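You will see two complexes here that share chain A, one where it goes with chain B and one where it goes with chain C.
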Partner chain A sequence: MNELVFFINNVVIAGSVSGSIYAIGAVGVTLVFSIMRFAHFAHADMMTFGAFMVLLLTLLFPGAGDAVGLPTAVVMLPLAMLFTALLAVGIDRAFYKPLRAHGVKPIVMVIGSLGVTLMLQGLIRLFAGTGGQSLYVDDRKEILRLALPFEGARAPIVITEPQIILFVLTIAAVVSLHLFLTRSRLGKAMRAMSDNPDLAQASGININLIVAVTWIIAGGLATIAGTLLSLDVTFKPDLSFFILLPIFAAAIVGGVGHPFGAIAGGFVVGFAETLAVFNWSVLLRPFRDSLPEWLAQAGNLAFVGTEYKIVVPFFILVAILVWRPTGIFKGKVI
Partner chain B sequence: MSTQNEPRSDLVAAPSRLPKRELALFAALLVVVLGVYAVMGGAYSTRMLVEAACYAILALGLTIQWGYAGQFNAGVMGFVALGGFSAMLFSVPVNEAFWASELPGELGLALLYLVAAVLVVVGATRLDRLGLPKRWRTLIAVVVAVLLYLVVMSELRSVTEEIHSRVDFVGGLGLPAWTGWIVGGALAGGMGYFIGKICLGLRSDYLAIATLGIAEIIKAFLKNSEWLTRGTATVSPLPWPTPGPAELGFTLARALYLSLTAVIIAAIFFLLHRAYHAPWGRMIRAIRDNEISSAAMGKDINRRRLEIFVLGCILMGIGGGVLGSFNSLFDPQGYLPLNHTFLVLVMVILGGPGNNLGTIFGAVAVYIIWIMSEPLALFLMHFAADIGQAWFGWDSPGNLDSRALQARVFVIGLLITLVLRFAPKGLLPEKVKYHD
Partner chain C sequence: MPLLDARDVHGGYGGMNILNGVNMAIEADEIGVIVGPNGAGKSTMLKAIFGLLTVNQGEILLRGEPIHNLPPNKLVQKGMGFIPQEKNVFPSLTVKENLEMGAFLKPHNTRRMLETVYGFFPPLYDKRHQPAGELSGGQRQMVAMGRALMAEPDLLLLDEPTAGLSPLYMNEIFERVKEINAAGVGILMVEQNAKQALAIADKGFVLAAGQNRFTDTGAALLADPEVAKSFLGG
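Showing the complex of A and B:
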């Protein structure tokens, strides 16, 4: 029974945590992909920037959380989302729009976004230093231990407060995005533009407005993902290239241009990572007596060590590109 | 299309004129190099030039991928690291303790298991030729692959841990460094073939994503395989193919190494120049500029793309080997995306993608700026901190030096975006010749 609890703690909870973070990140990437048709490499650093904004605001108003009963960082999230959204729109105006106006190939936009990612990285590290920092400045991380009402289950299920907030926020973000894309005029215009930009423009949709709205959503979602990641562990200014690969893998698995596919892809990648790193011999321990000796003796049955975690999203990416380059939900952009 | 009638700005007449722009830029570069020699002294400046020359090889590799064929490789670092690893493995002295024990046999056996497992899995994927339904074949192949992977990995892990704990690492082969460079090029080319085969038929962005990923994976592998590379403990010194500083003194030894790299660059430059003007080069450019029309001409687009991608990766592997040998230190953690991917990218897009001369100019110029920007950034940062303290009573954070270096990240990023915006063809644009 304890082994099962261990499995839940290490796979189910950890997998859904990283899955939600990848999902929110991948939605932003896939929206930018479907409207502007290029892989936005600066997304990971936008996440870091959003988390950094939250950190700054938390340092400025450390007591704000107590008034509401939530961690200060979560209270500061909407404001940070606003700043990051403004930053995203500003970056687009300053760097991507001139390139688009020149009619460059998508790959040049990719290189431009790599330039932007380096600029953001430089700025963040210049101001935040290179070390990790906790987003819990004044309040502390609450850890819930749920004891199971079974015989023999001594270990409790461990879930932390930010993880619960993470699940709630993920669901809220997904539902509101769904309502926005299907019910509102702007959301429908966005979908029209991702289906056929020329037709959308010909039917009177304001392209500049759609692009700006896309960046606002992408920036806001990036802030949520970055903050939740930093709440769950710590704020690290230098994770950009490590988080970028799982996010792109998630977006491509879900079918590029498919927001809901990206969510599914995020969870696929997140669970694949935790399942691959999980030491399966723990689950075999209760059956030790009835197993053949070579299997019972195996101490470490993890597929990859934690230091090779980044191989998992890459492997998924390669597999999906070989078997089904359009993604599981038939993406629009190939 | 109206563009067909207008004269294009980048077209030049076939008879060559005096290359004023090239002469002016290279003269300016020469003045800067002489200035550096005058200020910083011979040993330092020669080291800078050798490193710039190694970067020029990497930049030539990237310029044929990006400039000739329009493929964007965001993982130069990985191929450079492979080259450096191979240079280390071949040139470092033989580890007698390892070869004297029974470990080489065990390692060989584990590797044989690996080969056998790969063969079995490949065989399982061909089972449908024996009349098995495709669904069953896939299922069997996946299950067999997972099981064999676990078995082989646990075998390999126990052997490698044994090696690491008993004899530190496998050691080198004690061969001359240039063998390592060649094998490094081959390794990088093989890796490039694997990536290119998967990604080159798809959207161009996917290649960038996949190369970015493989670079981090190669780095993680080299960092964590202590039995092979000593990991974070680093391997040094790597022997040079030329007489080392101990025999000739720093300046002369480095000058000798510089002449060796110059010969390599000259050879690569000559071959690339010939290839560029050959029918093969025209075909590559035709594919870059208009895929559909070249496909209609009967060109095998994906195969040509793969060819040029692998060729570029080979050059990066060789360049990485030359650079690794020169640094005389193999440190997997020293391979950074900024230093080994984006710096090379800036060299190529600033110098002129598709123009080999421009790329070499860009490599040397950008490397000098890069090296010189380190003291400059430190100076500016301390200056700003002093002013802040004197005027506003602002206490500067302690790790000022590491933060100052981050300012260079910003500058590289800004440079990339500015060049793309204002000089998309670089300082020495590619010249497309036309014949009346």
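Showing the complex of A and C:
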């Protein structure tokens, strides 16, 4: 029984946590791609910027969370989403719009976004420093230990408050995005523009408006992902940059341009990562007596060491591009 | 005053002119048909009217107001609708969503116009929840025409609406074009099926090498032996 609890703690919960963060990040990447047709490398640093806004607001109003019984950082999330959305629209106006107006190739936009990444990272380092900081300024992280009502289950399931908030917000984001894209006039226009930009324009759809809406959604989602990642560990200026690869892997696995594919892709990559670094020898322990000696004696049966976790999304990325370049849901081929 | 009046239009892509002085005028209740050999500039003229390429010389007036080189979304606001020959639907959107996109600028009209469009094209009502990408060529053409009608245009530009369609659908499309025109929408269309198109045309424009060769009523052009010999295949 304890082995099962260990599995839940280390695979089910950990996989869902990274899966949710990758999923929310990948949705933003895929939306930007489907409207503007370029891979937006600065997305990860927009996530960091969102978390940084939350950090600033939390430092300004440290007691705000007590009033509603949530971590202050979560209470500050809507305001930080607004600021990051404004930043995203501003970055587009300042850097991407002039490039679009010149009709440059997508690769020029990609390199432009790389420049924005470096600029954002520098900007955040300038104000936040290079070290890690906890988003829990005045409050502390609640850790819940749920004991299972079974005999022999001595170890509890461990889940933290930000992880629960992450799951709730992921579901809320997915549901609201679905409703927005299928019910609202602007959401349908976004899908129309992703399908056929020329015809969208010929229908009288205001392209600039759709682009702005896309950046607002991308900025908002990036803030949620970045903040919850920082709550789960700590805020660092390069935290999100290191998950750029898994996020792009998730978007490509799901099929680029498919928001719901990106969500599925996020969980595929998240679980693949956690399963790859999981020590399977723990699960084999109850069957120790019936196993061959070499297997029973093995101390660590993980596929890859934790320090090589990053190769997993890289491998998935290569495999998908070789065997199914359109992704699970038949997206656009980059 | 004509609904559309194009005078001495020169234009093309980049610096190269494809149109070398085209004149074209139709009244509000008329069907205009542009015919001519491949490379005559027929579709190019339609695109020039809809602001999709640069007009370097001459002018295009809509109800007397100059509209050349205005962007397409402004022209939609001014009552013009354009149906491209290819890629004229949003394939992953349902038929109903495709039509709704046509009314993007006039969302309050959506309900009423949906009924009007379903009235013109009853098959679309049965398929309204199906993605447009799954429809046949003729049904897609209906979706494309329906989408343009949703904005309640005064002038509809159609680029080869019957290209690649079976004779059955071809007749159906010509019938619908007549009905839409009877409902008060001016039509300007480019057609490969020149004889059938000129038969329903109030005005016909025969283009060659980016210039007008013949301009007359549809019936007169059909009766003209020279037009028949050079452009209608005998």
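FYI, the second predicted complex is superposed on the first by the 329 of 334 C-alpha atoms of A that agree within 3 Å, B and C clash if a C-alpha of one lies under 4 Å from a C-alpha of the other, contacts with A are read in each partner's own complex, and residues count from 1 in each chain.
By definition in this document, a residue touches a chain if its C-beta (ideal position, glycine included) is under 8 Å from a C-beta of that chain, and two chains touch if they have at least 3 such contacts.
The structure displayed is predicted, hence computed values, not measured ones.
Looking at the shared chain after the overlay, A:Leu275 reaches neither chain B nor chain C.
Of the two partner chains placed by superposition, only chain C is touched by A:Arg185; chain B is not. With both complexes superposed, B is the one of chain B and chain C in contact with more chain A residues. By the touch criterion stated above, A:Glu307 is placed in contact with chain B alone, chain C being left untouched.
In the overlay built on the shared chain, the residue A:Gly112 is in contact with chain B alone; chain C does not reach it.
Of the two partner chains placed by the overlay, neither chain B nor chain C lies in contact with A:Ile8.
In the superposition on chain A, contact of A:Asn196 is made with chain C only, not with chain B. Of the two partner chains placed by the overlay, only chain C lies in contact with A:Ile205; chain B stays clear of it. Listed in rising order, the residues of chain A touching chain B in the complex are 38-39, 41, 95, 98-99, 102, 104-108, 110-112, 114-123, 125-126, 129-131, 241-242, 244-245, 248, 252, 298, 300-301, 303, 305, 307-308, 310-311, 313-314, 317-318, 321-322, 325, 333-334.
Of all residues in chain A, those touching chain C in their complex are 185, 188-189, 191-192, 194-196, 198-207.
Considering their complex, residues 50, 71-73, 76-77, 82, 84, 87-93, 97-98, 100-102, 104-105, 107, 147, 151 of chain C touch chain A.
On the chain B side of its complex with chain A, the touching residues are 70, 72, 74, 149-150, 154, 157, 198-199, 202-206, 208-210, 212-214, 216-217, 220-221, 223-224, 337-338, 342, 345, 349, 397, 399, 402-403, 406-417, 420-421, 424.
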